[in-house]
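Got a structure here, written out as structure tokens. Questions coming.
Just so it is clear, A, B, C and D label the chains in written order, and each chain counts residues from 1 on its own.
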Amino acid sequence: MPVVLDKTELQDFLDEVFPQLVGEFVVEHVEEMYTEIRLPVAEKHLRPGGTVSGPTMFMLADVAVYAGVLSMIGKKALAVTTSCSLDFMRKPAAGKDLLAKCTLLKLGKMLAVGDVLIYSIGEDKPVARSTMTYSIPPK
Amino acid sequence: MPVVLDKTELQDFLDEVFPQLVGEFVVEHVEEMYTEIRLPVAEKHLRPGGTVSGPTMFMLADVAVYAGVLSMIGKKALAVTTSCSLDFMRKPAAGKDLLAKCTLLKLGKMLAVGDVLIYSIGEDKPVARSTMTYSIPPK
Amino acid sequence: MPVVLDKTELQDFLDEVFPQLVGEFVVEHVEEMYTEIRLPVAEKHLRPGGTVSGPTMFMLADVAVYAGVLSMIGKKALAVTTSCSLDFMRKPAAGKDLLAKCTLLKLGKMLAVGDVLIYSIGEDKPVARSTMTYSIPPK
Amino acid sequence: MPVVLDKTELQDFLDEVFPQLVGEFVVEHVEEMYTEIRLPVAEKHLRPGGTVSGPTMFMLADVAVYAGVLSMIGKKALAVTTSCSLDFMRKPAAGKDLLAKCTLLKLGKMLAVGDVLIYSIGEDKPVARSTMTYSIPPK
């Protein structure tokens, strides 16, 4: 099952659909059923104690699965998250960007499931993990 | 087990700890093991199709549990979310604020668990639900 | 939206579909979008330390949501769980049955979502909570 | 960080702690932060439609994480599951055993987090995934 949107097409589509998020998410890698998205961490993402905020982590995981699904099914802006689980495991390393690695575990006609591991770039232990279920709009 | 931070004290503390979020979250109600937080929905919270974004829902649920925990244990800015689950069930009603109703199911020495139902104000069916586990810093 | 299977019909159907579980689950109460199921706790459900095993809790929550869904849509043996989250919060009280209280939060054409709180009968704090999503087979 | 219980020691300990489950779970592989457990699927694990029951999947995932944690910290029967999420994605292949592959994402002093993918042996797409959080008893 081939990728239908490559790295550049995916980045362009995300920037078009989420104009308020331009520059927040960088599509680093796309292959069959697998996507990597980088978040350039900035002051606004931080919380007391210097950690990256939960909503930022959620958004990164969410965008990674959304990008993974779209890379396989094409431009369907209305794919929506129906459920998710997240575990926050470690404090991100200071001054490093976050990288979300998303593996699609299922890509059905109606539902897709993606697993995400989030790392501080260059570290080998994940700071968070997430599973997201997306509902895919009918053709 | 009495509430140790009332509505006004809780609002003041949230505004102090999250200065970038002032005006985003309104503490509507506080009682033993139960809190209500309102999100005045604005343009920036919306996504294609007019729905409220997932990260906004996550943040509202997260703040509701954080507020619920703090109302019972006092000002501990460093309580952190360790895990969560969310289910997105309905599209919020257009032009209505969101109200998160959080019930603390457990308040242990180290871990707290809060259940949240999110409603479009005035509607009787929830738009989303979430469970959040918080790790409480030692005294 | 009326209940289409009452307490007795629901018990009979569960016993018919899960013959190996007869006597394990007692339908205690059925009303619109709400069901209570009791598990008579026996030696085989226990684990080291005297707690009820996780799989037993999972099964009780799962049956409670399945029963809740069927009470509203009728006999559809092939409704299946697609995802769930569980939190284990307290050790059940020794020598007491468990009671699962299930509230259906959503009952759509394709997906149903049920929230479950599990109590040791007579206690006011829940031992566990769970959310289960069921996929409903097309008519 | 070396493994402290090898495959045989782990199998012996599981059989000792869960005498009612002897023969249900086979420790297939143990290495640092990674464990594989096989479930010989039998008639009693099946549900209407020929699928493996949810509680069986839960139990397999739970045992896989428990085994993974014990392989790293030694014999602590009282480590307990505090929360979990599961996604059921495909019907298992008929007549094939299930294999759970558990990766420990975190092994802290108090909490461990394990990710599990469950396969029908010989198939390349997972039938289910799960994340389990374990609370580790103090020394």
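Throughout what follows, a residue touches a chain if its C-beta (ideal position, glycine included) is under 8 Å from a C-beta of that chain, and two chains touch if they have at least 3 such contacts.
Small disclaimer: the values here were computed from a predicted structure and weren't measured.
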Relative to chain C, chain with the most remote C-alpha centre: A
Comparison of B-D and A-B by number of C-beta pairs in contact, larger one: A-B
Distance between chain centroids, defined by C-alpha means - chain A, chain D (Å): 27
Whole-Å gap between the CA centroids of chain B and chain D: 34
Whole-Å separation of chain centres (CA-atom averages), chain A against chain B: 23
Overlap residues in chain D, where contacts from two or more other chains coincide: 82-83, 85, 87, 133
Chain C contact footprint on chain B (complex, rising order): 85, 87, 89-90, 105-106, 113, 115, 117, 125-126, 129, 131, 133
Chain D partner contacts - residues on chain C that touch it in the complex: 17-18, 20, 44, 47-49, 51, 54-56, 58-59, 62, 77-78, 80-88
Contacting residues of chain C [partner chain A, same complex]: 82-83, 85, 110-111, 133
